[in-house]
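Input: a single structure, listed below in structure tokens.
All chains are identified by letter, namely A, B, C and D, in their written order; residue positions are counted from 1 within each chain.
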Amino acid sequence: MLHKKIAIQTEGSLPDASLTLYLWDYSEEIPIRKRPLILILPGGGYHFLSDRESEPIALRFMAMGFHTAILRYSVAPARFPVSLKETALAVSYLYEHADEYQIDSDSIFVMGFSAGGHLAASYGAYWNSAFLSQESGCRTETLRPAGLLLCYPVISSDPAIRHEGSIRELLGDDWQDEELLRKVSIDKQVHPQMPPAFLWNTMQDDTVPPENSLVLVQAYMKQGIPIEYHLYEKGGHGLSLASALTDNMQHQCIEESCQNWIYLAEKWLNRSECKFLT
Amino acid sequence: MLHKKIAIQTEGSLPDASLTLYLWDYSEEIPIRKRPLILILPGGGYHFLSDRESEPIALRFMAMGFHTAILRYSVAPARFPVSLKETALAVSYLYEHADEYQIDSDSIFVMGFSAGGHLAASYGAYWNSAFLSQESGCRTETLRPAGLLLCYPVISSDPAIRHEGSIRELLGDDWQDEELLRKVSIDKQVHPQMPPAFLWNTMQDDTVPPENSLVLVQAYMKQGIPIEYHLYEKGGHGLSLASALTDNMQHQCIEESCQNWIYLAEKWLNRSECKFLT
Amino acid sequence: MLHKKIAIQTEGSLPDASLTLYLWDYSEEIPIRKRPLILILPGGGYHFLSDRESEPIALRFMAMGFHTAILRYSVAPARFPVSLKETALAVSYLYEHADEYQIDSDSIFVMGFSAGGHLAASYGAYWNSAFLSQESGCRTETLRPAGLLLCYPVISSDPAIRHEGSIRELLGDDWQDEELLRKVSIDKQVHPQMPPAFLWNTMQDDTVPPENSLVLVQAYMKQGIPIEYHLYEKGGHGLSLASALTDNMQHQCIEESCQNWIYLAEKWLNRSECKFLT
Amino acid sequence: MLHKKIAIQTEGSLPDASLTLYLWDYSEEIPIRKRPLILILPGGGYHFLSDRESEPIALRFMAMGFHTAILRYSVAPARFPVSLKETALAVSYLYEHADEYQIDSDSIFVMGFSAGGHLAASYGAYWNSAFLSQESGCRTETLRPAGLLLCYPVISSDPAIRHEGSIRELLGDDWQDEELLRKVSIDKQVHPQMPPAFLWNTMQDDTVPPENSLVLVQAYMKQGIPIEYHLYEKGGHGLSLASALTDNMQHQCIEESCQNWIYLAEKWLNRSECKFLT
């Protein structure tokens, strides 16, 4: 495999923003050529990046046959849209190196957890905007995501349901600016070119209200964009794989009933649009 | 096992309304005593009852260790609330015979498909109403459901998302009566004594709009009642088990990506509130 | 479903020997016509018949789409070959009623547990013998089994590995007769017309030595007859489903690592020779 | 993760013999400290090393939470016991670096495929021999394996069932030497200090006769050493994961019924002796 770290830097980036690659070697013995790639955006409320949502996830999807990559994007004090631009730079880098790395550039998925889910959803909304192309300096053709995987994401800036911490860290002093708040409320930004999405969270999440996912599902349905959504009854926030592999130090993150989300995600990824394995 | 058919008749019932029991025998060799029971309400748009959502479902849950029963409720020309009263009679019958049949009367779940899902959800909303107790003649203490399992249910009478066929068959000539329409729009009837629910449907359902499930999830969340919801991207209406066992004659009902719903339902049933097997 | 009990009586039978049917109803809505059938022979050391290996098994396979039937064969003081003749009568009955019951008569499987596994294996060895045809009065064409499923079976009468209790109950006073001992040591009776077999047991079985299975696998391999064999490390004798559904009163029969045997059996049944569901 | 290649060289080694590490990073956020390790020995008839049995396996077990490592041992013209010594050097290296790499040195498993399975089984037989300690220069205390995972292994040198190609490549000109043949027939070398084993193969394997596995199971049983064995009916030789991820260029290596072996192996690894995840 190719395991390698690339610096991702744009105006406003923190010094350690980076993209870590987990790429399958090509083998003459195996008939798989180009592989889809999953770009992983860990969570952490836009103030840190969680290990629990980084390598264990990359390795799990890699074992399914995908190339994976982890974007360690800039968090506070970096502000919107720095991490969004970094996501664009990462996707564009993968597009530009698709031949070299045997990536199927039509199958680059963006996956995020919690605040990273907000970033992934934001990217799904803005990937084809003039705004992002200008800010990042990337050509829109190199930015198209094939789909989004959103795990207990922050979505809305509506005071009734938002995760205030993430919104404040993302926007800083401007966090009450109406226009900015609208811009980062992804349920308000859904448009027909957003990619299909796979989404899951838990009813008992008392950090990011579960309504965040619900408003995104509604917006997708209104636009008729394909979405798959799994709302589990049990389980708190930040479960990652929900198994011992990603338990936290307080032992709060094993939730047997949620552990199947990754199999559901695998099935969703392998449906007709991306059946590289069948 | 005890396999037996009981007539269920109330004012307005069709002559063949009945309850079919699939009950485990008690064995001195096995330490299970009382078992939970799942009462199954097949779909069919309130104009027929589908075999595809009857015995294959009863047998599948029975194999998991549950007692099951199928209520073949009255459809058109029988009107609201005949089938609701029949559901009450069925549940009450099971309560009253709990000792004889070794049923755990605290664990009677009501499950419905499509229009049967509407009936199950209606029952969840009205089980403790004076209205239903009076109409059915059953004491409310004998009517409490432990939970609902709703498969691609009809929920709303809102013209924007309703399944008009089901609503018309249910209400007959009165189908435009505002008060009645409100009464059968279960998203409008959610209250704190409704039981927890497990719900699934598909985005591509072009018979019952998927928003029917979504509005119920929202109403549950607003009340803080536990709900688990699985929205699959692929698959049309009426999938039942989504496998060859319940395919239809046009071979439209095998959808591999949905086949896990029954395992998710099993996990939900076996969570802490009903862990008779662990 | 059709749930019905048939008396099975031949010379030497106990008065309550019987065949209990668990047959799917035919439905005009579902494209499945004829179904394979699994005939279940419970264990009990040829001195009783275990409930734990009867209805829970019948229901589980029925839920997969199979017709099932339980043969409550005669045990001691009935002796060899009474139960073997009863098995022939049961299979023949199912053949003769295949049209009436919508049974695919080319797909009648015989399944047995422990001593019932010995009976199933014996039937697999003797189904086409002149001996069994004469003794039972059934035509050989009506006796052909499509396959065997053997769960922790008694196989051998070799003193080094045999389960003496089963052999004694089966043979009675003649239990040291060399010719009889050879006749009931099924590893010695394997011939090219024996049907394919699926077999499982556990290394820690301290009732029926695991070598019983091993000698059968060797004999099958020598003849080139297809066999699938799963030897689990953990788990004692008589696990049945190895889950809470079939635990015993001493709570010794839950063994999580063995619970997958039934999925492996389902896959084996649904392979090319019997793919009624695909 | 730490992904790194170490040269493994002893007298007679090919120049590119090496050990490639796939080690989890330690994270302060996750309560797992030391992890078990699986050392993988690819197959290839002792004349090459298959990619199909290398990285896809390492990544799959890594995703389950194990450290993994691939030993690219020397094949022909290197002869016995060069690859055996290399295996000892690899295990000893891992023991000596257990603290640095956070390896649980009591849980180093050795896994092999086909001829690699022969090497793994040989290592299991000889790990505590004076012979291996002397030849490799490693202290026996640093060589103890916690268990073996053997996938369609070459085991026996008995002309009736052996895979002649592997034996000839392993022994070279001496391949008819009786003493050597006995030494490499692992079924003849089983002793009480051999570690527990997990073993699988297929009945239809027409390269390495399935009896190779059977004789090892018998030898283990005779010694009372724990063994788990899965013999599938379908599937040819060299299936690796039996899925598209490890298909070969002739598209002969997808066998759905065998794909569960890795889940069975995971369960076996996580049983009481190695339950780091529970």
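Operating definition for what follows: a residue touches a chain if its C-beta (ideal position, glycine included) is under 8 Å from a C-beta of that chain, and two chains touch if they have at least 3 such contacts.
Note that the coordinates shown come from a computational prediction; the quantities given were computed from them, not determined experimentally.
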Chain at maximum distance from subunit B, centres defined as averaged CA atoms: D
Interface composition of copies subunit B and subunit C: same or different, split at half: same
Gap in Å, rounded to a whole number, between the CA centres of subunit D and subunit C: 37
Centroid distance [mean C-alpha coordinates] between subunit D and subunit B, Å: 52
Residues of subunit D engaged with two or more neighbouring chains: none
Pairs of chains, among all present, that meet the touch criterion: A-B, A-D, B-C, C-D
Residues of subunit D defined as touching subunit C within the complex: 196, 198, 203, 210-211, 214, 217-218, 221, 226-234, 256-257, 260, 263-264, 267-268, 271
Touching residues on subunit A, where the partner in the complex is subunit D: 1, 3, 24-25, 27-32, 50-52, 55-56, 59-60, 62-65, 243-249, 251, 277-278
